[in-house]
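Handing you this structure, nothing more for now.
Letters are used for the chains, namely A, B and C, taken in the order the chains are written, and counting of residues starts over at 1 for each.
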Amino acid sequence: MAQVSSKLSANSPTGPIETRWEKHKFNMKLVNPANKRKHTILVVGTGLAGASAAASLAELGYKVKAFCIHDSPRRAHSIAAQGGINAAKNYSNDGDSVYRLFYDTVKGGDFRSRESNVYRLAQLSTAIIDHSVALGVPFAREYGGLLDNRSFGGAQVSRTFYARGQTGQQLLLGAYSSMMRQVSKGGVELLPRREMLDLVQVNGTARGITVRNLVTGEIESHAGDAVVLATGGYGHVYYLSTNAMNSNATAAWRCHRRGAYFANPCFTQIHPTCIPRSGHYQSKLTLMSESLRNDGRVWVPKEKGDKRKPQEIPESERDYYLERIYPSFGNLVPRDVASRQAKFRVDEGRGVGQTGEAVYLDFADSIKRLGKDLVVEKYGNLFDMYEKITGENPYEWPMRIYPAVHYTMGGLWVDYNLMSTIPGLHVLGEANFSDHGANRLGASALMQGLADGYFVIPYTLGNYIAANPLPKVETSHAAFQASKEEVAQRLKKLLNINGSKTVDEIHKQLGDVMWQRVGMSRTAAGLKTAIDKIRVLRQQFWTEVKVTGENNFKNSELEKAGRVADFLELGELMAQDALIREESCGGHFREEFQTPDNEAKRNDEAFSHVTGWEFAGTADKANWNEFREPLNFEYVHPSQRSYK
Amino acid sequence: MQGLGSSGKCGSCGWIGSSIGRKQLIGITGVGLSLFVLIHMLENMLILVGARPYNEYTHFLTSNPLIYLAEGGLLAIFLLHVIFALAISWTNCKARDSRYAVASNGPKGTSMVQRSLWAQGLLILVFLILHLISFKYGAEYSVDYGPGPIRDMHKLVVEVFHQPAYVVWYVVALIVLGFHLSHGVGSSFQTVGLHHPRYQKCIRALSVSYALIVALGFITEPLYVYFIHRG
Amino acid sequence: MAEAKGMNLSLKIWRQAGPQAPGSFLEHQAKGVTPDMSFLEMLDVVNEELIRSGKQPVEFDHDCREGICGACSMVINGNPHGPQQATTTCQLHMRHFKDGDAIVIEPFRARAFPIVKDLVVDRSAFDRIQGAGGYISANTGAAQDANAILVGKKESDRAFASATCIGCGACVAACKNASAALFVSAKLSHLALLPQGQVEREERVVNMVAQMDAERFGACTNTGACSASCPVEISLENIARMNRDYAKASLKRR
């Protein structure tokens, strides 16, 4: 039976929520400016969270080593975020406030997040905008020169700052430029094309990492006083997702195996308007802005297996199912509802397109009503993108859309200081589980990554360093040598299996199991089957996979193999977590737990907690212990939503 | 690939040591040379008027003591243009250490004219040397229109341009000069930083028409002499 | 719409085992290619075949596969990112090719982009140029309210247009001189067009150009091949602005 673990103590400050972060900052110990340069911080990952952390820590005077798997830190997948970034500036004079952003985030997360963390996030949101503008991020402007805001993801207020459809790119380039400034000043040492393959602990604290040089294959040790992990989410466990091809969970998973608890792994977000896959070779799904649902109508044929062209299907034989089931919200129901309904239609055999795994998003009525020119103005770039990928003209054919995995709310467990259950190991951005609860609001991922990196870690890491004796550790220490040896052995093992299946083949099979059974709609039976299937796949992987080449020069297959091996364990944990969470909330929908209206039915009595998983397996065997961090809601009281 | 901790900086080279500074020098000297060839072409047009004005103008130019200053300046501009262009072409050539198997093509391609600017320049250099040998340092005929004997340049020109091979070479060289100018004039605007979406088409048109006028003007002379002015 | 059978293509791909190893073209066959595949997915299929037959797959850089990360970087039949304009290799689809086509695939070639393996090159020179001045020196925590700086919508939109550069290096690959002028000028322009960027404007252009030259990129001949090859259509106007700012800054420098 699961128990409350003392390791999962949130260390949240107490008192009025508005003053907690202020109070906490004052109570934290400071590092003498002259001493900062004596401390080395290892920052892994250079997306929004990692780059902003590396830059800010170096500005304070710490010696930072920044690692990324890409050829350049600017390639991190934060670059692909489209929509925007929320901030409680209330520039729109429409009643926004820090408290409202806090409230919306807790509620949007379906009451599965920590109030103190969320409040701090809302407080820091405004400073992110100020700093980003100072760095030259070209946010959209009004004609008078002030910043423009839009409403996003169903929010009642306009609090989203954006840079056309490339907000993530612009914010990342801002953080990257700050980091590169520190690189040229000598504050940050940049180590690109390095993959973290192990965490090194000395006396129970995180003191270093073992990385593989992806160009030469060399296994390197790096020692420091603390490790900051900002390596993103694990959506690529589904193989097909909107994540990048190199997005992976390996760094986080290696830390998990070394003792960092993994929290709420089953909370995944599915985005309803993605371009569906066109064949087995498909490698990646592309997201299209949700704004399309403002004017497009979603439908499928009423008949099963109707293979006619969409234009040939008369109105009377179309099922505008969202408008039918949710008359008041219609096509604008929340992401998870729209996604699930699409899946139900496909499962009924009413999906469209060659694969039958899609529904129509039709603009014919809008073009009639608004005129083509207005539609071009509003959605032209999205239509062009759709046409580029599918070769179909969306002005003449309805678009085909289908949901895809987009973001993972779960991640390594961290306390209020963003420190994991391993002292010294801090986790930022999507890699941690902290602020979004069971579901993330649109335009909040960028906010969280940057809040963690620019404004939280510079304080809390200082406190950790000031409060703990950190005797100097060299990479010649036995712990580093042991880790290096272990990493080398594992790589050797992967190369020596020499079976007949490619890494991608197994990854695709894993993805299929995950998508079918641990995707947007889950059942106990399905999850149990998934666990069995994943175990079989894992077994197959370690006996039948074929990894070509050697551990020298660049070897993408070897890189992928290590990542898929970890996904094969993480996938099982996700299913375990989904199985024991006998309720539906946010991105976790259990078919057994729904209202008569097919709405998610939470169980606050039994599940108002964070599940933290401790790895209890061995090198060859995965096994976990379940622990809990109870959640208390002092300000925002749990309520049930309805979109009917 | 090591960490990016330090970066080598070329601090003291300054403007003239930089790729942009050198390009700007080439552009500015190029503009000077373009103006020179335009004027030279117009002077050559005097051949259409007659032998006497042609020779008298030549005499006026060459007897003016300022000519040495002008020639010196022109030579300096020319040498700067050539030397820096060669230097930068060499740098450019080294910037790509392995060649593509397939050349770029379609809208992403680079035209032959743009790829061969250095070769055009070398050809023009050779032409220029031969040109000086043929004319400036060619046979010294003389003619007397009254005030005393002056050089009969007209006679020399007519003589030279009655050799078909020379005419062909001259025409080819000037077509090459035309191509060189058609890129160079517009390019020098861009290099010194003059670019505006509204005026880009004008600059392009100016560049091409300037090249056409200069090249056609120059070519007129040998063709006129060879085909019409049979002496 | 996708055909069931698909096309067969013969590929000539540059294979090079490592930075110092000699490279050469190898013939590979791509079978059953469907029009809806992206170019990289076509290569995925080729690689799966190679792995099954115990051969080394073709290494190429790729990541987001939606045209924004700038990782993909190959030259297809002579053109960086292939024949389509305003398109990255990952967004190039096989419907632009036909059955029986021969396709030559090479890495970006430039002295400043040494080959790592096969089609993978080292573009860290871009990072060093960025580090030489591609930033506004503003430490975290010191900024005033975001709306205290007014930026006209048009200026902001122009700065944004320059800031959309994805840093892929196609401009260098396309340029006959392997010049980085378009990349460098896009970053310079992004910051030069904003009020926040004015304080360091002159120093920035001098330092970034010096680093660009130190990286051994060639000079700009204004052919425009860079802009024509740019997946996000960065304008040549940026290069003119860089040239102008550079001359001004150099002349004023003490």
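Annotations
Throughout what follows, contacts are C-beta pairs under 8 Å (C-beta built on N, C-alpha and C of every residue); 3 or more make two chains touch, one makes a residue touch a chain.
This is a predicted model, so every value here is computed, not measured.
Overall, the chain located most centrally, as judged by its C-alpha mean against the mean of all protein C-alpha atoms, is C. With centres defined by CA atoms alone, the chain at the far end from subunit C is B. Centroids of subunit A and subunit C (each the mean of its C-alpha atoms) stand 27 Å apart. Centre-to-centre separation of subunit A and subunit B, using mean CA positions: 61 Å.
Chain centres here are Cα means. That of subunit B falls 35 Å from that of subunit C. Multi-chain contact residues of subunit B (touching two or more other chains): 1, 4, 7.
Annotation for subunit A: residues 183-184, 190, 192, 215 touch two or more other chains.
Residues of subunit C found to touch two or more other chains are 122, 124, 127-128, 131-132. On the subunit A side of its complex with subunit C, the touching residues are 52, 55-56, 59, 70-75, 77, 79-80, 89, 91, 127, 129-136, 138-147, 163-164, 166, 169-170, 173, 176-178, 180-181, 183-184, 190, 192, 215, 242, 244-246, 278-279, 281-284, 286-287, 354, 388-391, 454-455, 458, 500, 502, 504-505, 546, 548-549, 552-557. If you check the complex, the residues on subunit B that touch subunit C are 1, 4, 7-11, 13-15, 17-24, 88, 91-92, 94-111, 114-115, 117, 183, 186-187, 189-197. Taken in their complex, subunit C has these residues touching subunit A: 1-2, 17-19, 34-38, 40-41, 44-45, 48, 50-52, 54-57, 59, 61-66, 68-71, 87, 91, 93, 95, 116-117, 120, 122-124, 126-128, 130-132, 134-147, 149-153, 156-157, 159-160, 163-164, 166-167, 190-191, 194, 196-197.
Interface residues of subunit C, counted against subunit B in their complex, comprise 12, 23, 25, 75, 77-80, 83, 85, 104, 106, 109-112, 122, 124, 127-128, 131-132, 174, 176-179, 207, 209-214, 216-223, 225, 228-229, 235-237, 239-247, 250-251, 253.
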